[in-house]
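Following are the structures in question.
You will see two complexes here that share subunit A, one where it goes with subunit B and one where it goes with subunit C.
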Partner chain A sequence: MSMNTPLKTVPQSKHSEVHSTASFARSLAKRIGPGVFTLAVGLVLAVTLIQAQGYQPLPTILAGLDYAIGDAPSIARTLAWGLPLFVATMGVALAYRSGMFNIGAEGQIYAGAMAAALTGAYIGPMFTGLHLFLCLAVSALTGGAVAAGLGWLRAVWNVDEVLSTLLSNYIIMLFCAYLATAPLRDPARQSGTTKAVHETAMFSELIPQTQLTSALFVVIVLCAATWWLSERSVTGYRWRMTGESSAFAAAVGINVRRSRIGSMTVSGALCGIAGALLVTASQGRFWTEIGTGIGWDAVLLAMIARARPLSAVVWVLVYSVMRSAARGIEQVSTVPSELSLILISGIIIAATARAGLFSRVAELKKILIRSEGK
Partner chain B sequence: MPSSGVQDTQPVLELRGITKIFGPVVANKDVDFDLKAGEIHALVGENGAGKTTLMRILYGMYQPDGGTIVMDGRPVGFKKPMDAINHGIGMVHQHFMLVPGFTVAENVTLGAEPRRNGFFDHAAANDSLVEPMKRLGISLDPETVTGTLNVATQQKLEIIKVLYRGAKIIILDEPTAVLTPQETEELFVLLKTLANDGSSVIFISHKLREVFAVADRITVLRNGQTIQTFNAAQTDAASVVAAMTGRTDVNLGRVERTEPTDGTVLEVKGLETGKHGADAALKSISFSVRPGEVLGIAGVEGNGQSTLAETLIGIQPLDAGFIRLRDVELGGLNVAERRSKGLSYVAEDRHLEGIPLNGTVLEGISAGLIRRDSSPVGLGLAFPRTVRHWSTHMIKKYSIKTSGPGAKCSTLSGGNQQKIVMARELEDKPDCIILAQPTRGVDLGAIEFLYNQVAEATAAGCAVVLISADMDEILRLSDRVLVMYGGSIVAEQQTDATSREELGMYMVGAQTMKVGK
Partner chain C sequence: MRLTTPILLAALACLPTQWTKDLNVGLEGAMLFGAFGGVVFGLTFGSGFAAVTLTIVAGALSGVVFGWLITRLKVNVFIAGIVLNIFAGAATVYLLRSLFGVKGTLSAPGIPSLPTYRIPLIDGIPVLGPLLSGHTVLTYLSWAIVAGALFAVKHTVLVRHLKAAGEHPAALAAAGGNVQRMRILAQVWCFSLCALAGAQLSIGQLTLFTEGMTNGLGFVALAAVIFCRGRVLLLTLMSVVFGLASAVAIQVNDSVIPPQIAQMLPYLIAFVGLVVLARTSKDGGVRIATPTMES
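Then we have the complex of A and B:
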């Protein structure tokens, strides 16, 4: 053991490029490997479930995939459904990175959707860019305020955020339902909805009949910004270190309270915007079932992606295709579209088990190699 | 003095060619070890040398991947600790396995309780303690609640426990880590009594002074392999250190330093805090540190040292008193503000506070640089080119053994992790640095390196507060020593005018001197 031998230093300029390409390929393989594994588990699960219903698995799945990504309009439809989910998943992942388990995404989405619906319906009409900006901004503020409050409870009074965010869902969703069914109800409609928003508060369709709107660009910008904030910026460093070890963060002079409240606020703001997209890029008004559980989807997807923004984007894409394919499968068979939910749950369990499984396999390999060497 | 009970006969225990592999790590490779009746056999080595793994194999906690255990000439296999216990092997763990709310008798008999009509037999339990206590020459009230006993007595209780289970071979894993010098002496007397009685003791330690004080033979492990077995009487510390480290130039003596200069860098007066966690609250702590001075703070853990460190850096609030760094009052400032005023801090729990264990070397080492980013929103790049170059340079300067700045901190050895911490803190060029247990779990070679870095900093005028439970560390590095007991400072001495024994008296509160002005 020679502690003091100086490190051999590789001349940076010459080798670094070759080295970095090789290591990039290796790290890519490392990242994709587990994803492929979990997808394979999902596929096996899907085959089993479809077989159990008495259908030919492969043609059924192919029919579903054709429905989801068969042609340009299908892809656009699939993507359109996924837009709010991208934003919400980014939001949840951001909070996870700083150690805040924000499972109040669903509630924050509802709050954002209500805020956007009211801003769109009661203010304006006005110049559409401004109106949309206003809707998204008010939703972000609403979702952000809710999450900031919950983050503050955790940071200052040490109220467990898992509990508080979970329960906040019910408070917010029921309050929004009350608003939509009583004081703010659209009297022209039977069910609990608010008034339709002005035309100027709606994103325009990019491809007709697909619901894919120019909100796509907003989503791309938000995903890129979240990635920068979380993985590259000084603030992101502080938040990540707080999540990694709050004791370390405190010892090196990072303001742990500020990190926690800050990351929760931005997380809530993103969820709020996701809610706004449900209104302004799709439904055109708030109604009591508007969220359809995408907040919960976001919580699960952020978990599978281990809170990394890039893999979160990939997983939301995969999940959107799965959702859409499951709907396609429902149309050609009696397999219910809840299939996608069962699959994603199975994948999460597989992903959780994977770490242990992989290290076991690696260990076995080493032992085999060693015994061959002897 | 080694015990005289060694019988020069066939060994009672032999470990032959033991190999144990954890994933990519070979923890033990062809390790040989033998133990004679009536012998105290020390097992020494750096952290990660494989001592604990070897003992866990012997105790049935791990299964070896190769090799055999031979007892009294017959090969044996232990699938679980109970098998080892049934073969007369007992282990005293570093962290005690006692139930604080149980009485002495209940703890000793736990797991092998005497029963009457299916119920716990109190009388028999109390009686069963008599014989082991007589062998050890100590007496304890069996009805005492264990939690009320001090640490040294709890350790004796652990020994009584293994004797109660009929152990003839007793393994002690770093038993002196929690003891004062006097208590250590008492433990050694007790171990020699046991050895003279015919029992055998395996003594795991990395403190050579203690090893030489108690052991008959010394086996050195390095990188999972047996390097050599010495007869304690026929060797010296230098040979053992050379075997442990693979180097012949390791300095175990006093670190060479320049003299402190006149003036005051850090002044602390009348510091009081509330109680936080397990550590004692501070009671009117006052001291000052000169430029280039190392002020050692000794004491048995739990007497307020952790509270003091955290109060100085600003993690814990203070109720009264002031902290002045070069005439700047720090009391009302937060950690970041204190750091920018020139205070640095090496926290005692490296894995929790020192480094982001699952983060990268870069993230751990550059925290000080990033702290200086004072933009209110902080959307700028955290690791620009300059920071990445700086971190590569630091890895070189501090000889941090790692694959690069992108490596995970958890893949580094304890010594290299601590170098990350030291590099970060010293490169801040602080006026004053607080070192809390700076070399815990660090190898001898790396310790020397870190001490030299501290010496360099003091030569440049940095004042050092060295909080350590390791007496050797205090004596090797500090100019002046304060002893803490029960949250107060009970003694102040120049390091060259005091001794381990004297400090030990203050550490247990047996003696107090008037300190402070």
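Then we have the complex of A and C:
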């Protein structure tokens, strides 16, 4: 971005240029300031927690980071793990933007994973591209249908979507567990898994031994498409207006119901695809604990990104590195890898409390100055 | 009957936060911390009484912090609650591993269990006996709280102040009340009782702690709170219904209904109830105060 600026700005008098760079720097600081603050909080938290375990903080963190982004294969591994999370977070953020708090990402991911595993195992084998497309499409439909139903309940019958999506998580996950343990269980295996999908329903690895598959391109396309849909398209504008003020949206002729159901549907479809990626890009089958809380991670990340698609992508990247680093730290020390979740929770609270905290500090300063004046 | 207690306690915990319009959706997380605290304090001090007391104290302290976060620092209560749920899941696993080096379940002979009490006269009666007698002190406490809450709603200024803090803060402030203190108080109450609910799970019914052992009970309690819309009796009734549904899920034979389907029961009831409530209520159902994503 900074490389483009000299080309774009017409050189003017020296004075105004200095002025503009100063204001640019200020606006940049305003934008980056919160990010720096939250990262600093995260770092302090990490240092404290690692210190509490009796390890030297900085070398441990560096070792973790080396594990996460030290060389090309480890970057690929980190990225590969984050792929489904990108899609799910975009999905959740999209729904937030239209004021629909889709807490049911976890359930929709399970539904999508189950759908993809069944499509992959019982249909085919066939041409790889087609089979993969079919898997993703079916899981998008499944996740979308679940979310659309919940969205419809909210839009038409005014059933609170926070609670309904929350409860749907458990219903869907238990139902999938039932399917995987009883009627659709792989008889060759003990635990609750479905049959392995055909080879043609798996993404191929880009870099061997890293699990980074060509699903990367699908994820990039989906993220870009979601960004465009949410921030640049007319539909996205309607959805955003519905989220900011449904009364205003209704007054200017936006169909609030349709916006709510639509955004939930797309959100659920993205979560479903995230579930499909879990199956087709790494696991190869459905098992009862396939999600490992990715849906909840997505909910947190979408919150901290304030539902902005671009910052959502950045935060997922940061979180993927954090999580991978936490795993690395777990290997060199006894610090459990749940460190990353604790950090992200702390960061979110710090980020949401920041405005309040700063105004409190400012108030205290004022009181201090006043008391000194006396 | 046993499963009713944690749900009832958690639901009662959440009730005042609904009055102050700071509905705490972090019940699940607070309960999980309570369960963990019960086991840890119990293991350290070797007595069930000390464990319960310390868990309540820890709960009350977290309630102060939480209340301070949402009032003074203006953190959205919904976001804070969701984060609390996830944080609790991660933090208990983290502590379990770093303090005890255990993965999954912590069970040790040193963990005390809360004594159960038999009521002399009722104990012999066939149906009533097992229903009313032979429970932990926390179960009886939960029913005492129900009675206390019923009385308090009718006759005390405190409840009126709590409700005013939610419905008309300006009026409360004008009448000389402290809105912030009421909101924090509601959270303190919420966390203390959630801690009890968790302790009932971990050292009342069992003597162990498992990762994620609350298993959605907090959300079921939340659903009960939403249904009752501030009414104590209805809340109690819903908690008992959900408790029975959970009990059925555990007791029913695997050959009749698959266990997963049976476990779905409380969630399904809650879900259907939510839809019915939204359809039948005049003012258009209940909304959780979610933040708007302003640009």
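In the analysis below, the second predicted complex is superposed on the first by the 327 of 374 C-alpha atoms of A that agree within 3 Å, B and C clash if a C-alpha of one lies under 4 Å from a C-alpha of the other, contacts with A are read in each partner's own complex, and residues count from 1 in each chain.
Following the convention adopted for this analysis, contacts are C-beta pairs under 8 Å (C-beta built on N, C-alpha and C of every residue); 3 or more make two chains touch, one makes a residue touch a chain.
What you are looking at is a predicted structure, and each value in this text was computed from that prediction instead of being measured.
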Partner chain(s) touched by A:L174 [first = subunit B, second = subunit C, both, neither]: second
First (subunit B), second (subunit C), both or neither touched by A:A247: first
Subunit C versus subunit B, contacts on subunit A by residue: C
Partner chain in contact with A:F37 - subunit B first, subunit C second, else both or neither: neither
First (subunit B), second (subunit C), both or neither touched by A:W152: neither
Partner chain(s) touched by A:R238 [first = subunit B, second = subunit C, both, neither]: first
Subunit C-contacting residues of subunit A that also contact subunit B: 240, 244-245
Sites on subunit A touched by subunit C in the complex: 53, 96-97, 99, 101, 103, 153, 157-160, 162-164, 166-168, 170-171, 174-175, 177-178, 181-182, 240, 243-245, 293, 296, 299-300, 303, 306-307, 334-336, 338-339, 341-342, 345-346, 348-349, 352-353, 355-357, 360
Residues on subunit A engaged by subunit B in the complex (per definition of touch): 1-7, 9, 12, 228-229, 232-238, 240-241, 244-245, 247-248, 250-255, 359, 362-363, 366-367, 370
Residues of subunit C that touch subunit A when the two form their complex: 25, 69, 72-76, 78-80, 82-83, 85-87, 89-91, 93-94, 97-98, 101, 216, 219, 222-223, 226, 258, 260-261, 263-264, 267-268, 270-271, 274-275, 278-279, 284-288, 290, 292-295
Residue ranges of subunit B in contact with subunit A within the complex: 21, 23-24, 46, 222-223, 245-247, 313, 315, 334-336, 338-339, 345, 347, 349, 352-359, 363, 367-368, 370-371, 373, 375, 377-383, 392, 395-396, 399-401, 415, 424, 443, 445-446, 449
